[in-house]
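After this come two complexes, each holding chain A, first together with chain B and then together with chain C.
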Partner chain A sequence: MLVSKVREALICLKAGRVTLGYPFAPNDPKPGFRGKVTVDPDLCFGCGGCANVCEAGVIVVSDREQHYRLLEFFWGRCTYCARCEEVCPEGAIRLSGQFETATDDARDLCMRLEVFMGPCQRCGRCFPPPTPLDKMMTTGFRHGLEGGRA
Partner chain B sequence: MSTEHERTLAAVHQVAAERSNGSLLCATQPHSDTLHFVVDRSAMRAVTGGLVDHLGARFLISVGTDRRPLSGDFGVLHIFSLDRDHLYVLVESPIPADDLRIDSITPVVPGAAWAEREFQDAVGVRAEGHPDPRRLLLPDDWPEGLYPLRRDFPYNFRPPADDAARPKLAGAPAGASVFPMGPFFPVLEEPSYWRLFVEGERIVGCDTRLFYNHRGIEKLGDSVLTYSAIPHLAERICGICGFIHSTCYCQAVEKAAGIEAPRRARYIRTIMLELERIHSHLLWLGIAGHILGFETVLMQTWRIREPVMWLCEAICGNRKTYGMNTVGGLRRDLPDSVRPELLRVLAEVEKEVVAVREAVAGDSALHARTQGVGTLSEETARSICVVGPPARASGVAIDARIDHPYAAYDEIRPRIVTEEAGDVWARVVVRLGELAESIRLVGEGLSSIPDGPVCAEIKDEIPPGKIGVSVVEAPRGEAIHFVLTGGDNRPYRWRVRAPTYPNLQALPAAIRDGNIADTPITLGSLDPCFSCTERVETIDRRTKAVRVFSRAELLKMCRARAKGGG
Partner chain C sequence: MLEALCKKAFAKALWVYHANVGACNGCDIEVINVLTPYYDAERFGIKLVASPRHADVLLVCGPVTRQVAPALKRLVEAVPNPKLTFAIGSCATGGGCWFDTYSVMGGADKVIPVDYYVPGCPPRPEAILYGVALALGLVPKKVAEERYKQETLEELAEGKSAFAGKT
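Coming up: the complex of A and B.
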């Protein structure tokens, strides 16, 4: 009995202090951590592949006008599976290291991205620019900072 | 081996043919380790009884399926395992849609009690002659005649709530008093209600109401999600053994569709499964110490466990919900850069576990609380079909890793750890033994992991109407997933059985004749909680007037208080 109590005490003493300083000291996650989803608006060209594979269905794509496509991320229900990051052809979507996502305002959990698209003259629907040169010409045009900077 | 295997197959066929007495409708072998019999429902009890009596088959789970869109009828399928022969035996009966009943097999297979109540609740096929046909799965205020797993039932339908509904629980036997535990009590995070019948301190019986946490995951799987989305949901079935459920689901689909996961993916699955077992057993050990009031064990085992969680984060990007599994293999490879860290952490964990084991092994205070407590005899464990460490602690040497080798366990052979005593201490010893074994298995897996791709390319659609049964040994016992493939890129029926399902059924036997004070550690729970979530009674001390607050009133008061910031 006594021997085992001494052994138990030794385990505790040897461990020393293990509590981390967080939240008073930073505790950054390891590289590759799957945290809050971020989108680089300069890279996204509105293909909608992310919405296609999103397991939780939190990415919604809609063509609002002939000129722009709206991508909405309701990431409050995101499962952090990183399928969108995997399929994004431009590397625009990244799961960041941000994990402190608690908020008292539900609007913080929604992200809107308006992507300028050249509409087809014939059918009027949006389409991604056909050549890299066209893409350079079109990306960057946004309806102000409010919608564009996600 | 092969001749022995053939002999077993012949024996199973013989039992099925003899016991069904001419009403064997169909016998097929969808996979090398699966036999599928379709018998008339009148012969179901005889055939399943024969499998258990003559061949020592172990009951796994029942699946009730609404097949009206396919063949116009319902189906009830009982899954058995012949552990020594590495064989699953599926016995199925068609049930005509206008006469939904089948003979209950619980009188011959006691372990089937809950499974039959479940399909009774979910698809509405009545189990005739069931000793306890009460509601199991659905809430008490769920209307009669609504069956959520039928195909014509919308997944998002919500029947109106009825706050006055109460579970139909048994009264105390003559001379005994009722001692309520739950539905919420402080140690376990999950609600379960245990009504103990006690004579003084001694427990003479109990009744229970569970499934307060039922989330309708199976329904989502066959109505909303797709094959590739389900692994992410399966992972969330359990907060601790997520990888186990996603692996089990993927294996079931792979088996049904005839997809072979690459060798490297199977090795990585094995390594991740064993890592999960390591951290789960350490977590359990801590909780057990916590329930006994021995907080040092909790603090130290969880400290030892933490680096394993960090390791998982480095491998896949999160402590839990790894998001690695997909049908056909894995979504991410095991990075070579974590290998030295992995080996270093495991060596450290092993050293610490040995120190903890040596320390607690001689602790007589711990022995006094655990030895001879919550004893489960081998006979009871077998008849209720208990699985995992509780079964192995009662001398039932079953382990899905050996009985139905999956992933890379055909090459990395685990050693089975068993005890004879069947009490709580034996379960501690078994888990400590498995901890060391898991550390060895991860090391062995790492040293022999082959190179190559981690995901098979799936070119064709997954064919409809195929069956896949998969079993994975979780830290708590074996998890079972059954998949019947459907045509619209999702399973037609996905059935999940978690290991706690059979183990909880054994608890009434384990706590019988014990003390109330020993129930928490046996049950994995603590103090009975008197906080009544349904209503509160206040008594004015001066006038002795009694006022009862209803649930709605309490809710309103709480919300008003929360809004007021008080």
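Coming up: the complex of A and C.
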């Protein structure tokens, strides 16, 4: 019995320290980890596809003014399914590797994006492109065709 | 003086009581994971206790179902002051996918006062450890409310860009 205890102690000594040094040493997640949602305000053109597919209703789209569309991300309730990243035609939404999102204030878990919608030159209202082909050409109009993924 | 002593002692050993209020068990597994030797929350003095009357910290997992809400209120009253409440996971933080369904209150903060929020579905054990370290004042807070605004046509014509620094 004593021998088995000694053997166990030796095994424990051989293993060394196994505890992570985490809060004091960084421990980054593996690639492919889905963390906090980030949006590139330069690329988004306000199609609202992300809000359409969001499981938890994180993304709320509202048209406050004529030329502005407001996208609000209440990502405190995000389930990190990455459907928004999948459907975003411009690749504006990305799920970063950021996981250190603990906070003491619920208002920190919110993101607002005001998207400028291109209005019609004559009537001043935002308009949908007439054909799917036009839509493809309009996608990425802010930075040319190399601006986005489409 | 007693208050100062309490504050000092509070940072040394936090005894936690873990309450599942309608969680899917994902967050519970991660909480138990934090207490294993690999993540070792016990080096901060954190210990899981069996009764809320022994606890300093209440870990709430799950989107508080309607049936469990009165029990959760009584549970919070049972924890002696000073106490901390952690909302672990997206469900406890904001309600998750169930934030507006009929049988769910939609987040722990709708029922009880919450001190710290740890979002994630489920949060990584590291994320929970980070929340604990944040409560102990070992690490800085890394998230804040974000506001972005795109430039108008006029501003674009003038060559002004809200994102001039970016390429």
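Remarks
Here is the rule we use: the second predicted complex is superposed on the first by the 104 of 150 C-alpha atoms of A that agree within 3 Å, B and C clash if a C-alpha of one lies under 4 Å from a C-alpha of the other, contacts with A are read in each partner's own complex, and residues count from 1 in each chain.
Definition applied: contacts are C-beta pairs under 8 Å (C-beta built on N, C-alpha and C of every residue); 3 or more make two chains touch, one makes a residue touch a chain.
All figures in this text were calculated on a predicted structure; none of them were measured in a lab.
By the touch criterion defined above, A:Y80 reaches both chain B and chain C. Look at A:R7: by the touch rule set out above, it reaches chain B but stays clear of chain C.
Annotation for chain A, partner touching more residues between chain B and chain C: C.
Legend: residue contacts after superposition of the two complexes on their common chain; A:R112 is shown touching chain C, with no touch to chain B. Looking at the shared chain after the overlay, A:P41 reaches chain C, while chain B stays out of its contact range. By the touch criterion stated above, A:R94 is placed in contact with neither chain B nor chain C. Touched by chain B in one complex and by chain C in the other are residues 18, 29, 55-56, 79-80 of chain A. Remark: chain A residues 18-20, 22-24, 27, 29, 36, 39, 41-42, 44, 55-57, 67, 74-80, 98-116, 118-119 touch chain C in the complex. Contact residues of chain B toward chain A in the complex are 225, 228-229, 232-233, 236, 296, 299-300, 303, 306, 310, 313-314, 316-318, 321, 323, 331, 352, 355-356, 358-365. Only residues 1, 3-5, 7-8, 10-12, 15, 18, 29-30, 32-34, 55-56, 79-82, 86, 95 of chain A touch chain B when the two sit together in their complex. Residues of chain C touching chain A in their complex: 37-40, 43, 90-91, 93-97, 99-100, 107, 109, 114-121, 123-124, 126-135, 138-139, 141-153, 162-163, 166.
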